[in-house]
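Across the two complexes that follow, chain A remains constant while its partner is chain B and subsequently chain C.
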Partner chain A sequence: MKSERDILRTELQWTLAVGAAAGVVSLAILWASLAHLINPPSNFETIDPAALHLSDEFTESNLGTRVEADGEVVTRIVATQFAFAPSCVLVPADRPVTMRLTSPDVIHGVLVTGTNVNTMIVPGYVSQVRATFRTTGDLLMPCHEYCGIGHSQMWAVVQVVPAERFKPDAQGRAACEKR
Partner chain B sequence: MRSVDRLALAHLQLAFAAFVLACALGLWQMLARSPWPAPGFTPSTYFQSVTAHGAAMAYVLTTFFIMGFGYFTADRALARPLPGLRLAWAGFWLGLLGVAMAMAPVALGRASVLYTFYPPLTASVWFYLGLVLVVAASWIWCAVMILAMRGWKRANPGQAVPLAMFATVANAIMWVWTTAGVSAELVFQVIPAALGLVETIDVGLSRTLFSWTLHAIVYFWLFPAYIAFYAMAPRAAGGRLYSDTMGRVSFVLFLLYSLPVGMHHLFMDPEHSTGFKFLQMTLTVLVAVPTLLTVFTIAASFELAGRMRGGRGLLGWIVALPWREPMVLATGLAFFMLFFGGGGGLVNMSYGMNAMVHNTSWVTAHFHLIFGGTVVIMYFAIAYDVWPHLVGRPAPSLRLQRAQLWLWFIGMMTMTLPWHYLGLLGQWRRVAQFDYSNPIIAAWAPWVLVSVLGGAVLLASALLFAWNLWSFRHAPAPARPLAPFAFAQAVHEPRRIPAALNGFGMWNALVAVLMLAAYGYPLAQFFISPPPSALVHRVDGAPP
Partner chain C sequence: MTTPVPDSVPNAVPKPVPSPERWEEARLADALRETPRGAFALSGAAVALLLMCWFAIYVFVFLPRGGVG
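Moving on to the complex of A and B:
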């Protein structure tokens, strides 16, 4: 039978190994965060959910995709029980896109299938995700957080088109092609 | 039957009754989401069912199982009368009343907010009040556990508290800390809204308070499994626990690191900055440490047992283990599922990588595998181990017990491996049905169908479990009384023990410091500059 000291020694050796493994995992995440800027979407920005229609940004006429004056592609989406406005957004492939989302009522969330786009949409806040879409086609953008009985019917489409088919109008706006 | 045994049995029976019903609901929910038809399906009945399934599994099965097992442990490990036996019974009836109060509005379709609430959605106030009573009942249990240990220490000065009881009290203390978050959310935000006293809710605050509870509650559920690993499985394997000290260290680490990590559930949320998310991610890495220590210590205990039974060579000891013992078999299967579940958990906690899987079936798969798999299979093993001592009869059939454990394992793997894969493909959570005419979704169908089969096997296993416990009634009374129940002995039982590994005073102070660092500012921000609130949305049909 092993002595108490032998047992303690093996346990401590294992503890060191476990500690080293935890350290490696932490360093890998830190490296991804600092060197590759892989961070969770943490855009701390508040907005009054009851007055979205009075805000400059999330009025109905300003929703959807728009190329800003500085050339940045921004899509603005309102998630509401039980639909997205607009229900389809057009984005160019291989070009950084900033998605800004908010809710006037309850908690929602989105992911875009086949991409790393994923964020919660919490009333009172503007969620922001930056992404570059690499594949063209219609991607599903469902609400992924329970928001009420109609939750399952709540989804939208992200239409990714090649750069040459992305033709914003004079105001910089671009809407989905007829499907 | 002794009163303390009746007390434990009452808790365990209620826990398992809720469990079997919730399993049936789970299978029906899987049918609803599959291409196959589900009888009686509407979106309303679906979310009613999800609420009932979640509340029954997460609040009733766990809380009552842990309470019942705790009373049993206190009685057998300390070998002295349980203090506050009548108080404990009052706790049971209070908890039962709470379950009835919470489940009635769910059954009436007036509380379809799932077990995680999602304010500003607001259900019937009875749902929340009932759950508050369940929590209050569990606090009574915590008090009885702490009193029992204190009384034993007073009667046995300088001696080491038996490991099973030390762990049970660690869990009780952790649970008091854990429930502070959800209790504050319910009492100060959700219940006033449900009563119509306030019209808006600060959703960022409510999510942060719930996250305080949301990770540690999982460790509350997990503690009994670990108590079985340390204090029951080595004995069942015919050996001894490799190291009592490492058991204590692991349980203390669980107490410390289960709590200041809940924000990893909010990685994708907009109301917190990257700084605190990163801090809590780092602490989350540390909570893997006690699990890995446990795997080593229990594997070493099993190796000792296997070699004592004549196992030779590098792996021969594994073959030599008494796998016919349900406790040994369950431990092996639990470790196997822990390997996959823990690996998935590493992905979940990996900060930016969480975006790949957040709110997809991957997460559902992860917690079903690690809770429903690793933890619940140990609940079965514990039940099989203690039942003969509660009812005074030996098990009628170990073969059926083993068959039940295997079925649970096969069902769980068959259900959750496809879910992991579907999550990576982007299948999202918490929807009642999918449109299989969409080509993206149609490609998922075969894997969904495989997982439904896994769910059917799980329900079969749950029913067999109920039968296995029920059939103790038909077992013949033993000719001689059963040998008294005993927890596992360590290779070296602790003779002298540092106070830090025999009590929790210092650790409580450290938990307070960690919680202040991890949650102090993230909670204070909502009071320093209150964000806009959201209007209450009633789902119970009451006028606003």
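Moving on to the complex of A and C:
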């Protein structure tokens, strides 16, 4: 029969094994963070959720994709119950894209299928993620934070096109091609 | 009692042939002697599988997709 001492030793051995497993995972995360700068999106920026239409940035006419004066591709999206405005954004492939999102009502969230883009959208804050899309095509971008009865109907599309098909107008704006 | 003691528990065979109660106790002691090894094997395999899947997704899916911060 095993004694109390034997049982204690077994538990200690298992604790060490699990500790080592957790340590290996932590090291891998630390390595990606420090050596490759792969971190969770950590933008901290506030905005009045009741006055998005009066803000400089998230007015209806300024939503969607725009190439800024410095050449940076920025998409601005408002997530509301139960739709994204706009419901499709056009982005060029193999070029860094900054996605900026905010909400006027409740907490939403997005992920872009097949990419690491994944963030919460909290009213009062601007969420920002940077991504370079490697594959062309229509990528589904659903709301992934339950936001009410219409949550399952809430999704948008990120349309990734090759650089030669990404043609912003004189103001730098680009909208999705007819689908 | 004429119940034969099985060969599979040789260490548990008290002499002479024990009463059914003693026999059950011996079988229990024998099973408990193996229990930690079985627990280690089962939980070790489960955790090893979990770690392998985690690293496979981390290395072949997560890292190639790149940072978004």
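By definition in this document, the second predicted complex is superposed on the first by the 155 of 179 C-alpha atoms of A that agree within 3 Å, B and C clash if a C-alpha of one lies under 4 Å from a C-alpha of the other, contacts with A are read in each partner's own complex, and residues count from 1 in each chain.
One rule holds for everything that comes next: a residue touches a chain if its C-beta (ideal position, glycine included) is under 8 Å from a C-beta of that chain, and two chains touch if they have at least 3 such contacts.
Note that the structure is a prediction, hence the values are computed from the model and not measured.
In the superposition on chain A, contact of A:10 is made with both chain B and chain C.
Legend: residue contacts after superposition of the two complexes on their common chain; A:145 is shown touching chain B, with no touch to chain C.
By the document's definition of touching, both partners, chain B and chain C, reach A:42.
When both complexes are overlaid on chain A, the residue A:123 reaches chain B alone and has no touch with chain C.
Touched residues of chain A, counted separately for chain B and chain C, are more numerous for B. With both structures placed on the common chain, the touch criterion links A:26 to chain B but leaves chain C unconnected. Judged by the touch definition given at the top, the superposed model places A:132 against chain C, while chain B stays out of reach. Residue contacts after overlaying the shared chain place A:111 against chain B, while chain C stays out of touching range. Residues common to the contacts of chain A with chain B and with chain C across the two structures: 1-2, 7, 10, 14, 18, 21, 25, 32, 38-42, 114, 116-119.
Contacts from chain C toward chain A in the complex involve residues 29, 32-33, 35-36, 39-40, 43-44, 47, 51, 54-55, 58, 62-63, 65-69.
On the side of chain A, the complex with chain C involves touching residues 1-2, 6-7, 10, 13-14, 17-18, 21, 24-25, 28, 32, 36-42, 114-119, 129-132. Against chain B, in their complex, chain A makes its touches with residues 1-2, 4, 7-8, 10-11, 14-15, 18-19, 21-22, 25-26, 29, 32-33, 38-50, 81, 105-107, 109, 111-114, 116-128, 140, 142, 144-152. Touching chain A in their complex are the following residues of chain B: 43-44, 47, 112-114, 118, 120-121, 202-204, 207, 242-243, 245-246, 266-274, 277-278, 281-282, 285-286, 288-289, 292-293, 296-297, 300, 346, 350-356, 358-360, 425-426, 428-434, 438, 440-441, 491-492, 531-535, 537, 539.
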